[in-house]
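Both complexes shown next keep chain A, but they swap its partner, so chain B is in the first and chain C is in the second.
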Partner chain A sequence: MRKYIAKRIAVSVPIILGVILITFVLMNYIPGNAVTAMMQNKINNETVARVEEEMHLNDPILVRFGLYIKDLLHGDLGTSFVMNQPVFNLIKNAFPNTIKLALSAIAFAWILGIPIGIISALKKNTCLDKLFMGVSLMGISMPTFSIGIILQYLIAYKLKWLPISGFTTPAHLILPSIVLGWSMAGEISRLIRTNLIDVIQADYITTAKAKGKSRMGIVIFHALKMSILPVITIMMMQFTSLLGGALITENIFSIPGIGTLSISALSNRDIPLLQGTIILSTFLIIIGNLIADIIYALADPRVHYD
Partner chain B sequence: MEDIVLQVKDVTIGDKKSGYSIVDKVNIEVKKQQIVGIVGESGCGKSMTSLAIMQLMPVNIAIKEGQILFSGEELTALKEKELRKVRGKDISMIFQEPVRALHPLHKVGKQIEESLKIHTNLSKEDRKKQTISLMKSVGIPDAEMRYDQYPHQLSGGLNQRIMIAMAIAADPSLIIADEPTTALDVTIQAQILQLLRSLRERRGVSIILISHDLAVICENCDYVYVMYCGQIVEEADVRTFFQSPKHPYTQALIQASPDPEKKIDQLMAIKGTVPSIENIPEGCRFAERCPHKTERCTKVEPKLYEQNDGTKVKCFLFEEGR
Partner chain C sequence: MKKKFLSLFLVAALSVSMFAGCGKGEEKKEENAAAKNETKTEYVSKNGNTMVLTLFQNPKTLDIQKTNADYFIPLQIYDRLVDVTVNEAGETEIIPSLAEKWDISEDGLTYTFHLRKGVKFHNGEELKADDVLFTIDKAVNPEEACINAAQYQEVKGYQDRLDGKTDVIEGVKVIDDYTVAITLSAPSASFLANMTGAPASIYNRKAVEEGKDKFGFDPEYTVGTGYMKFKDWTQDQEINLVRNDEYFNTPAKIDGVRYLMNIDASTERMMFENGELDYMGVKADDLEHFKNDEFWKDYLIGYQPPSMDYMIFNQNDTFMADVNVRKAVQAAINRDLINQNFYNGEGTLLNGVLPPAIPGYSEDQTPIKYDVEEAKKLLKEAGHESDVTLTILQNGESTYTHPINEMIQSMLGEAGIKAEIKNMDMTSYWDTIASGEGYSISLGPVTADVPDPGAFFTTFTVENSASNGYNIKDKALSDKIKEANAKLDPKERIAALQALESEIVTEQALYLPIAAEKRTCIISPRLKNFQLGWQGWVCCSTHNVEIDDSYNK
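Let's look at the complex of A and B:
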């Protein structure tokens, strides 16, 4: 097991480096001049040339990539053009808000999605199943911005049950968590439902029945683990993608998280900040996948980790 | 009569929605310590019959008519909760593909132990001891080590031994083995069948052995039922059956089996196909493929006619008895 984890971590390093290289190169080809963007056009050509020289912008791309990696290893992600602060600090301040939102959204998704999937499978083709699957499908198919705005209008503006936006009290977490969690709960419940329906028809379930095991006992001890196991990877991926920042939802609800940071970086051509947020989410997705694979290997004896 | 363990009486099994019958008025009788074979090609309803005994059919399939009596008790009248006390305790099952019939995430030892957990009051330690001795009794070497392994770590033959250990754990009086050796190598097949046969003497169980393989049936059973398209077309004592197969379908089946004594270029095949359950013909279901077909065969359904040697045959050729 330890060997497996070490091997997986070793494989992750080149992937992270690859993503950094790709984003770096892509950023390099974004049209427009970084210096003029930074100075907001209030400068003359001489200053532009001087600053370009200072920032090594005229050096070959590989040299600049080398410099970037060198700084990165020292925890230096550069300085934001627009906010004039180290990118590392900006991310450090925004990340806890994103974590809070991600945790509460994922809790919403798992606590609702898993039981709904199980109940729908056990009550297959009943009204309850159809209702659950309909609500799940709605969550999956409606774009987050429309769910967000509809909920803001109905629950916050009309009914005044919850705050409309901001991020000061725990109540502020509820609406954005529903917006983010609904579609994820929908995905999870539909997958678990399909898996469980399949698993219940498997031969080993007939064996358990032939042993005289009760229906509940079969569902809990024989069927459940088998039907949730394949969903673990997707559940982890949902979580890590949330940690990378929920662009639209954070924006709609004015949550000062990674998503809001990314959007402002994008619209201001704040290249160091944008790179920083992309590297963060890459890193999180790779870690998340690693954790999912480890859980999978621990839960399923058929997975070989050598 | 008192040594009759199981009686399947006029059982018809059908699809709930479409109403089609998969198994039609089947009668089977199993005596104490008897090994009864059911033979027929795939799709003839033999597996469905075996699942119906403990009512383990898929949800859309139900017993439409008939009774199933186990030691005089009517299983078809039992509630789910009462049935659970019969399943695994009085009657147990062995399935075709052991690797698929065992839970992939549970240790094999635990899977055997589960039967003991459901049906006995043994303590945890006693259960484990009992499990290991069961594993040894079905010929699993290194039982202590195997106890902690998973099905994918064991060979097909060993997995089938695990299934057998599971089946005998709660000391049932009837074991239903549905194609227990079909998925195994030929050499392992013989060992598993021998193990099953030995259970009869050692544990006094009766066995229903279901197979599409005539050789397996003839070598292991005392009494044989031949099924065709959901019906029993012939039943006989195994010796009589083998010496004088009567129903044209049985005869054709035997001709279609390879015989190592005779060198032939090509095996006989039965012409035509089995009628589908949506499209059951009037009269005898085998008529279309039968070399002895008369006009009557396509109009009137023959009954099971009893012969002088005790055989029963569902064919007009044997109407008068021979």
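Let's look at the complex of A and C:
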């Protein structure tokens, strides 16, 4: 197991380096840089050339990449081109907001998705099942921006139950969490339902039934444990992708998280800041997958990593 | 069975979205019938004595020498040597601000500013002549890499300091604590007007030097003399300003201003109507809604800002290099129709170089006529009867220009000009404009930020047009513009500039002015004495505005 973890971590280093290099090359080819982003309609070629020089933006790409990697190995993510502050600080300010949003969205998805999946499986093909599956299908198939804008309009603007946008009180978290959590809850509940229906028909469940165990007992202690296993990977992946920033939802509800930060980094051609957010989300996805695999092994004695 | 439920859900989903679309009209009728007057008292705000506004972009830094993303906050927290006011005749006028008065030497080269005494920065330091020297020198200090250094390009020694040849800018001399002399490299009629612009804000030497990299972000060091103080900045969320009680002029009446960032356009309207925002620019699409609303229609304010929508003709493009093709494009575009469709028919069609409210603006210009047949004839003369293909460059972040460009595309089509629209994000857009390659024409807005006609004309000089997208080759006209702009007597200068307008617009067809849009904004009922700045900017209203407490909860 330890060997496996060490191996996975070792493999992640070239992945992160590869992602950094790809970002660097791509950023080099899109038009504009940090200076044009700041000058906007007052753009002037002389000034651009001068400030580019002063900011060392014209150095060869390999030189810039080398310097960046050198700093990175010293644990320095660099300084934002346009905001003139350490990238680490900017990410440190935005990340807690993203974590808050991700946690509450995931809580919403799990609290709703898991029981709905179980009930739908047990009440297979009843009206309740159809209703639940319909709602979850809506969550999966409707794009986040449309759910977001519809909920924002109905619940916040018309009914005034919740704030329209912003991120200052816990109430501000509710709508975006529903928007993000709905589709995840949909995925989770549908997966659990399918798996649970399969598992309930397995021989060992019939054995348990024959032993006279209660129906709830069988579902919770025997069937659920087996049927939730494949869902764990999905749930971890959902969580880590949320930690990388939820661009659209953050935009609709004006949430100052990693998504907002990386979008502004991209539009400002702020390479160090963009790299910082990309390193963070790559790292999170790698770690998230690793944790999912470990949980998988712990929960299912049939899985070994040797 | 399955299908039945699916269709049920589809119906449910559809009806939800239908309610979202149609609900408003019905409810409004009910409200109107039931309680016309009650709605008035229903408006409540939780914002207290603080004005809440949105920012179009993240300012990135409050060091205004380093960004053009936002001028609004710098205009409030800093002051300039001189300021702008609009007199009774509706003309802009330059008035004292940090400089109580100024003398101009006979040769027009040296401006001696006498500073107001006892003006305090927000950190308690008194404004001294050295702060003026420091501010100007900081802008042109090559180590600072300021993008707005050109604000001081007329000052003597500007280029040498930028090139690192001198340690301090030559043209600024401290005479005593309250007197500073600024020498120009050549006489200029626009220097004073330029000193009213946001990038000419005056900083405090001590605060900037102590703050170093924190200046522009940290309220402790980001201090000016303005009527608002910078209080805090929550990253990507909000920026708060509070009233400066020790302002040298009358202090502001409100407690402060909260600027919200990253507010989406549709969200903005919902927030405004729910009492969360105090001001909103009204887009053409929303105007009818507010005009027909019994409650809101009283809070609409129409104004004419010194801005215009215009079309750049890029002469690096082989077709646009031909004056006949340029004239054909002018003749092919039906500006009246654009006005009817996009400016509610209220825009002023322009035929000159200046937008309204800028000194020298005149309505007596040779009109640019819409005439498709003339356009076809001109194309034939140019030998390009049917082979002209143009690229319209579209700034992705400027959503309102996209439908206008689509209309222009089809108008050009009628004259036999094929046009494709190339859409790109804002930074790519400006980079492409500056590169001068990959586009033929582009539509955009421009708003004057200093009350001077010069910049509108010098746009068309060979030198400047290499960056702003025109890429003009006519050296003779370029020299005439420079010569006219250099005249010192304001009246003579304006007359000389005006004399060039028809050559620029109609004879040479260097660009196509479209219209000056009459804009509309809407304010919350709780604002009293609300007055937009001369540029039509809301930031300048925060000094005198008052908040009616009876709407506050």
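Details
Going forward, the second predicted complex is superposed on the first by the 273 of 306 C-alpha atoms of A that agree within 3 Å, B and C clash if a C-alpha of one lies under 4 Å from a C-alpha of the other, contacts with A are read in each partner's own complex, and residues count from 1 in each chain.
By our rule, contacts are C-beta pairs under 8 Å (C-beta built on N, C-alpha and C of every residue); 3 or more make two chains touch, one makes a residue touch a chain.
In this text the structure is predicted, and so the values were computed from the model without any measurement.
Contacts of A:S214 after superposition on the shared chain: chain B is touched, whereas chain C is not. Of the two partner chains placed by the overlay, neither chain B nor chain C lies in contact with A:A49.
Of the two partner chains placed by superposition, only chain C is touched by A:S264; chain B is not. Once the two structures are overlaid, the count of chain A residues touched is higher for C than for its counterpart among chain B and chain C.
By the touch criterion stated above, A:I61 is placed in contact with neither chain B nor chain C.
In the overlay built on the shared chain, the residue A:A156 is in contact with chain C alone; chain B does not reach it.
Contacts of A:P256 after superposition: chain C is touched, whereas chain B is not reached.
Once the two complexes are laid over each other on the shared chain, residue contacts for A:F167 go to chain C alone; chain B is not touched. For chain A in complex with chain B, the touching residues are 201-204, 206-215, 222, 225-226, 229, 299-302. Chain C meets chain A in the complex at residues 1-2, 5-6, 8-9, 13, 16-17, 19-20, 23, 58, 60-61, 66-69, 142-143, 145-150, 162, 213, 216-217, 234-237, 260-264, 266-267, 270-271, 273-274, 276, 424-428, 430-435, 444, 446, 464, 466-468.
The touching residues of chain A, when paired with chain C in their complex, are 30-33, 35-48, 50-51, 54-55, 82-85, 90, 93-94, 130-131, 134-135, 137-138, 142, 146, 149-150, 152-154, 156-158, 160, 164-167, 251-254, 256-257, 260-261, 264, 267-269.
Listing the residues of chain B that touch chain A in their complex gives 51, 54, 56, 58, 80, 84-89, 92-93, 95, 97, 100-106, 114-115, 118-119, 150, 152, 163, 166.
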